[in-house]
Amino acid sequence: MARQTMQQAVVAGIAEEMRRDAGVFIMGLDIGQFGGPLNSCKGLWEEFGAARVIDTPISEGGIVGAGVGAALMGKRPIVDIMFLEYLGLVLQQLGCDGGAMHYYSDGKARVPLVVRAKFGVGPYHGHAYDYHAWVAHLPGIKVAMPSNARDAKGMVKAAIRDDNPVLFLEHMGLYHGTRDEIPEGDIVVPLGEAKLVRAGRDVTVVAIGAMVRRAQLAGEALAEEGVEIEILDLRCIVPLDKERILSSVAKTGRMVVVSEAMKFCGSGAEIAAMVAEEGFRFLKAPIGRVATPNVPIPFARNLEKMIIPDENAIAAGVRRAMATG
Amino acid sequence: MSNRNETWIALHRLMLATRELDRVIGAADGHWHPALGEEAVVAGCYHGLRQGDALVPHYRGMIAASYARGGDLARLLAGLEGKATSYTRGRYRSDVCGPIEFGIIGLYSGALGPTLEYAAGAALAAKLDARGGVALAVFGDGTASRGNFHEALNLAAVLCLPVVFVCQNNQFAISTSSAREHGGRIVDRAAGFGVPGQLVDGNDVVAVHDAVQGAIARARRGEGPALIDAFTYRVGGHMASDPGNYRSSEEVEKWKARDPIALHEARLLSEGVLDAAKIAELRAAVSAEVEAAMRKAQSDPMPGPEVLGLDRVFAGGV
Amino acid sequence: MARQTMQQAVVAGIAEEMRRDAGVFIMGLDIGQFGGPLNSCKGLWEEFGAARVIDTPISEGGIVGAGVGAALMGKRPIVDIMFLEYLGLVLQQLGCDGGAMHYYSDGKARVPLVVRAKFGVGPYHGHAYDYHAWVAHLPGIKVAMPSNARDAKGMVKAAIRDDNPVLFLEHMGLYHGTRDEIPEGDIVVPLGEAKLVRAGRDVTVVAIGAMVRRAQLAGEALAEEGVEIEILDLRCIVPLDKERILSSVAKTGRMVVVSEAMKFCGSGAEIAAMVAEEGFRFLKAPIGRVATPNVPIPFARNLEKMIIPDENAIAAGVRRAMATG
Amino acid sequence: MSNRNETWIALHRLMLATRELDRVIGAADGHWHPALGEEAVVAGCYHGLRQGDALVPHYRGMIAASYARGGDLARLLAGLEGKATSYTRGRYRSDVCGPIEFGIIGLYSGALGPTLEYAAGAALAAKLDARGGVALAVFGDGTASRGNFHEALNLAAVLCLPVVFVCQNNQFAISTSSAREHGGRIVDRAAGFGVPGQLVDGNDVVAVHDAVQGAIARARRGEGPALIDAFTYRVGGHMASDPGNYRSSEEVEKWKARDPIALHEARLLSEGVLDAAKIAELRAAVSAEVEAAMRKAQSDPMPGPEVLGLDRVFAGGV
């Protein structure tokens, strides 16, 4: 057992896969000797050398495109684009083209590519934008977002072994935060399985990434009011674990979807719409969405704090859900 | 027959096939993008690649590229309408995307540009394997205005990747002439990446072929990427149905007079590689082959709903 | 009164605005002498000349970026990117940067930019993708999609006069189709107002673009079964006309959202989620979504037809909504 | 005082301010991106623009650019933390985005590259107005790897736009040295767009200023865009907190010895423009000004919730 931060766990997972499979390599800006922003690749260059830990120019489209090309030729590239804020620079290659190749080739092309990106409001001021819904809208590409170090390791390993492009998201607010016990051995967390992190009878709270911990805090506060929420850590937006969501709502009859991404047309809308369509018979109350409003993230720390959902906002959303039905 | 003669005949055959494809498909489909006048670039590039090399063709010439790599012509033509017999069973179009099973990376969307980056990545894979593999990327002069050109060339230069970039420079992007498409010449962009640039007569199939093969050999030796500006002219419209009336007929006629097939035919005759009878025979054979393939493709069935495969979007299912 | 196709109406609207305001100009690929793909700019070059109808290289990011820059300096550029399929090439400039400038500058910057794009399954085979949800997810940019020639003219004029970036979407299946009577004079259709195109008591059908006509056909068929649907032509995704949607659902108690865009994380999810949150008390049945499944649009015409919602799929969605509650 | 002398003193003043900003901000904020060693490029570019010209600065040097255009130093520094007194009242950061009211187009996101396209667009607006306005875009050598560089330069070339592109070439993009960032030299990219390219000593403020002003004058005359490669060195780390240990200290020392401020000071002395006493006076004045502004900024309040303005995202409201 090792106690590791999310940053350490992700790097450890990548290193294990690079040891296991000579076809795995990683490229990105400043990931070599520099170790990557926020140490996102710390130690990889020292162990695997410049041939497999490749520093590149500031050409996000070029390196994701090169990742697609190398993946088509049988490699398993990992591309670190630094920040999810740059997703708009790579969407064509990663999503539109990369996601379609397997299907369009009638199953003959495979694109086992992982694109890593940091995001989220946290101690690092800037680059917080979370645009993952764009990729989730596209066919043929998976979207993973761990909420803790253990899952981060297991999910990055699953992502690397996956034969599809995977967007792997690392929240900067969780990155160097608390440490988790990581079991020895080959832990792999299959993509597409949500995790029950708190059982409860009253309201289903669907959260992801940094929102999971905040939902847990809200859950503790609400318990004191006698409200027991059930929290699902979604872990992946694609594939979406519809079964676990629906069966929880079947039990509670109420749902609040929590998201750090902007609300309008965010992936929280998909989850709410899915339940409004497929789980309507279970619902006793409106489906609440607690999300960042559609506003450019303001820079001043205090303004920034006002727009990102915290435990109070989540608890308030739950209380609204309890107030009807 | 000497090696050189064999190559020259093969080049001629591929040029003839390219032109026959234009004739036969163009008659059936106004949306077809003919390569009329550009056959020397098509044949010069696509003939003679090694098994295992990655080929990233320009869309204009994609069917010829797929054929040159061993694709079945009838199946390729079936892909024009998405017939069940095509390489993707109708899921995708063959005129912009050749079969991946022949090492071809085509356009998997309508967007021009990213394929240059896929070529760089394929070359990176080859470099990691260190077995002398290369990637060949062909693209239009208009496509060279996209930022992907810049990022791909720079990345290839910095990482010393075994990739050859060839601009199929037909001087037009739809209606936009070179002067309004790019400042400077495409070939002069090479220096900005510290990469050798070579301007070749894109109507001389041997010149194109030799330049491409030379650059490929250099790349195989680990000496890095190269840019070739194969300068030619789009004699036809952008599409079969485009009258192309945004340019003078004198200009078109001038270039028609430098027809790459006629030029190479004259060389084959003057160098005694083929006589007139053999040349006519070759033409007739290619024509018959293309026509037969087209007839077959046209009578092939459309795909059934089982091809749709909504649960086959991801590798591994769902 | 003139009878015009959507293509003619859009061009007429642009020409009127160019006559009105010398700051309006248009740029794009092959829009000059060539007249634009599908005649999207036919006649503009002849009237306004090459200085204001500007042919550009194949540099979608560059020209949308130049549009942003010119707009910041007080012009009112229109950029024709040909096809919405290329949205991934311009998202940074148009959406992430362009949409944030007004807010981030504390209201001092204005980006009166219109980006036009064609899309949709129709007689033109290819370039059908509808990625508008990406832009709708971003703050500060509007998204308009007319369903008929009259609205197209009025909306393009409103878009040009708007002080924000607007993504203006032109469906290729409607483009050269039926002609509408276009009243003389300065018709302007404000962005953000949905239109009631059929009144009915049983189910609210929210549609947009080419789906409006199909919903109307479904409405006729359903009427024969005694089911009266109320159809809203959304016209804009941003701003979203929440009031009209909610008041219709208040009346009918049932909703089906129809969309040609892919279902997962599409804008239809936002509409469903909004009603599941704010109109839950009205709902008697699950909210149905009739949308294109998340699959790369297959090329064969018959396969393509299978995935795009038609009147039968819409009617079936309505019948499902009627079957419960 | 002669025109030349005035300009030289103003350039010196702006270099001194740039260095003082680095010293004062760097001490307070480890995330600050110092322009240490690059002051000649900063001052040479940003001094002397006309009212109405569009300025699109590199992020490294943004505060100095905003100051040079007339921004209030205390308000600019207040923007480092998003204070209520800053130009955007805290909605956005001043270190990467100068106030639009001074004709500055900054970075409205973290993405490097698109600003070159905004500059081309601002130049297009100026061209349509035909009143001799120009746009000046400054960007890093690393940024030049982005496709935006390519698309912006090509567009500017083809449309003959009045825009000057200056590469603040400090030979590094974070830890990535020139050799690993770009094949070839930045200046050599100009020829590929048919645009004049000029390499200048980026440690000589007069050389930079003259080159930039020359290119601007040319652009004003309607002769189109130009690219200037202002070659210098990033003496400091990427951020104030970066030890920069991915390069040799000899290399750093070599460049420190060519300190642009010392070089220009020597010239001011030897040409008799200023004597030692005047130079010391200038330094002290600039230092006092920057320190006072910083004190003011640091004591300013953070914004209240009224600044949030969720209904002010769109012009015209909502």
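Going in written order, the chains are labelled A, B, C and D, and every chain counts its residues from 1.
Note that in this section contacts are C-beta pairs under 8 Å (C-beta built on N, C-alpha and C of every residue); 3 or more make two chains touch, one makes a residue touch a chain.
Computed from a predicted structure; not experimentally measured.
In terms of the stated touch criterion, the partners common to chain A and chain B are C, D, listed by label. Of the two chain pairs examined here, B-C and C-D, it is C-D that is joined by more C-beta pairs in contact. Chain D has its Cα centroid 36 Å from the Cα centroid of chain A. Averaged C-alpha coordinates put the centre of chain C at 40 Å from the centre of chain D. The geometric centre of chain B is 44 Å away from that of chain D, both derived from CA atoms.
Each of the following residues of chain B touches two or more other chains: 88, 91-92, 109, 111, 145-148, 150-151, 154, 158, 180-182, 309, 313. The set of chain A residues that touch two or more partner chains comprises 57, 59, 61-62, 85-86, 88-89, 92, 96, 100, 103-104, 129, 139-140, 294-296.
Chain contacts here are complete: no pair of chains fails to touch.
Chain A contributes residues 85-86, 88-89, 91-92, 95-96, 99-100, 103-104, 129, 131, 133-134, 136-140, 238, 240, 261-262, 264-270, 272-278, 280-281, 283, 285-289, 294-296, 324 to its touches with chain C in the complex.
Those residues of chain D whose C-beta lies close enough to touch chain C in the complex are 54, 56, 87-89, 91-92, 97, 99-101, 105, 108-109, 111, 114, 116-126, 128, 135, 147-148, 150-152, 154-155, 158-159, 307, 309, 312-316, 318.
Contacts from chain A toward chain B in the complex involve residues 25, 51-52, 54, 56-57, 59, 61-75, 77, 92-93, 96-97, 100-112, 139-140, 142, 162-164, 239. Taken together, the chain D residues at the contact with chain B in this complex read 145-151, 153-154, 156-158, 179-186, 188-195. Residue ranges of chain C in contact with chain B, taken from their complex: 29-30, 32-34, 37, 55, 57-62, 83, 85-86, 88-89, 125-127, 129, 293-296, 298-303, 306-307.
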